[in-house]
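Chain IDs A, B, C and D follow the sequence of writing; residue 1 opens each chain.
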Amino acid sequence: MATEELIVRKMMYENDAFSQWLGIEFISIEPGKVELKMQIREEMTNGFKIAHGGIAFSLADSALAFSSNTHGIQSVTIETTTSFIKPLKEGEWVTAKATEIQLSGKFGRYLIEIFNDSGNLTAVFYGTVFRTGKPWIKS
Amino acid sequence: MATEELIVRKMMYENDAFSQWLGIEFISIEPGKVELKMQIREEMTNGFKIAHGGIAFSLADSALAFSSNTHGIQSVTIETTTSFIKPLKEGEWVTAKATEIQLSGKFGRYLIEIFNDSGNLTAVFYGTVFRTGKPWIKS
Amino acid sequence: MATEELIVRKMMYENDAFSQWLGIEFISIEPGKVELKMQIREEMTNGFKIAHGGIAFSLADSALAFSSNTHGIQSVTIETTTSFIKPLKEGEWVTAKATEIQLSGKFGRYLIEIFNDSGNLTAVFYGTVFRTGKPWIKS
Amino acid sequence: MATEELIVRKMMYENDAFSQWLGIEFISIEPGKVELKMQIREEMTNGFKIAHGGIAFSLADSALAFSSNTHGIQSVTIETTTSFIKPLKEGEWVTAKATEIQLSGKFGRYLIEIFNDSGNLTAVFYGTVFRTGKPWIKS
């Protein structure tokens, strides 16, 4: 198992109760980027009968955490910006694609795009992590 | 029941499955601002054994939705920025205080501060809504 | 002259005193995206002897305005997020590359990356415009 | 002269060519917060004949830099979010009021509100600084 798979699947996801509640599944895990998917359930909707904004955000924030931690250094979200473009409905499958925009010693920036079933962009998330310096795997 | 209470409690919250799953309770509802609270449960935590970033965001996004819709015009979140300052732990009670920064015909901006049990600021959320023009209550 | 060139060069840039003060030059103008460059002058620096944050922001905001208005509908900036990654020094040439992330009837979202002389990413700007519906050129 | 005055006026502003070009004047300087003003000149306007977005941003970014450095530790802007609410016209005096939202060892967050002549809110800026640990004044 590649190091990034070990960190993301075993050390992070298996202990991440909320990502599991969301039903997040992995499409791919590579250094600096992941692709995730999940399905919108009734209990994730709000008073407008669409997914609560917190759902797309949570998927994106998991994608940010997984992507930035693939490099082996514990990294925590400090700032995020999210645009809501299209509503997500119950039953829809949603995909999050993360791209690493920048990485330096202390910080990393990632763009995460959220797509619906039909491949339409429904939300855009831009996040900054602080790299604590603490390694995931002690050598 | 005041109009803002009717909209937020009856028309929004009672149909908002995810805010209910979060266990959100109302401290106060006034025109342009609400104060909410909820408790962090084990299923809301992530691999670092602290609340997933999506939880503080979701509480804040509900506070944004409730605050901006008190004016009687259906308003939807378009942009949000969130800073994560301190982790939230299982069992902690969390409070969200919304303040209306700006309101015009088309847009509204709100600052939402998230506090922990001890009254420490743990996250800051700044959100913009688009006011659709559609009234909640037809006259 | 293509419509996007006419709008950006003649109708916008020629009346844009501040973009001229910055010394902004066009590398390319296409529907939904532009590439711009400018040089950092002494009067653009701050007390740390690097370009004031407002300089990279202003270049990016011009790139946002030019990119979003290429479609022929007057569009105004409503929300922006900017990350500052590396300082820019006096004498450096700076390039802004805009990408259209999303475009709908009312809103458009753009990512603008700012590079220094050596091709390093120095700032990231993410901006949302509101499309007023008013055409640049009356038919 | 109080330490915060010494840092902001002498060590920062006197070496800050761009803040001087903007014509920034101090209304007040206190630990963690400043109030600034400036006047919109013709060379600061864009193709819509209103102040370029970079002008309100630059004023706010100076207010962020001054406010966060009052504590004596060199602090640099890493992330900013800006909402544009109302246009600013040539000749108008503009005021920036900074408030410290949060301060910890590594980071600080500030809200900066930009008002026009008539006291109307015209832009909102939310910024995060990284505190480098380097003191302004060696003891």
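Here is the rule we use: a residue touches a chain if its C-beta (ideal position, glycine included) is under 8 Å from a C-beta of that chain, and two chains touch if they have at least 3 such contacts.
As the structure is a prediction and not an experimental result, all values here were calculated from the model.
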Touching chain B and chain C alike: which chains?
-> A, D
Going by C-alpha centroids, which chain is farthest from chain A? Tell me that one.
-> D
If you tally contacting C-beta pairs, which pair wins, A-C or C-D?
-> C-D
Whole-Å gap separating chain A and chain D, where each centre is the average of the chain's CA atoms = 33
Expressed in whole Å, how far the mean CA point of chain C lies from that of chain D is 21
List the centre-to-centre spacing of chain A and chain C in whole Å, with centres computed as mean CA coordinates.
-> 29
Which residues does chain C have that touch at least 2 chains other than itself?
-> 78-79, 81, 83, 107, 128
Chain C partner, complex, touching residues on chain A are 81, 83, 85, 101-102, 104, 107, 109, 111, 113, 121, 124, 126, 128
Chain C residues within the chain B interface of the complex = 78-79, 81, 106-107, 128, 130
Complex interface listing, chain C residues touching chain D = 11-19, 21-22, 42-49, 51-55, 57-59, 61-62, 65, 76-84
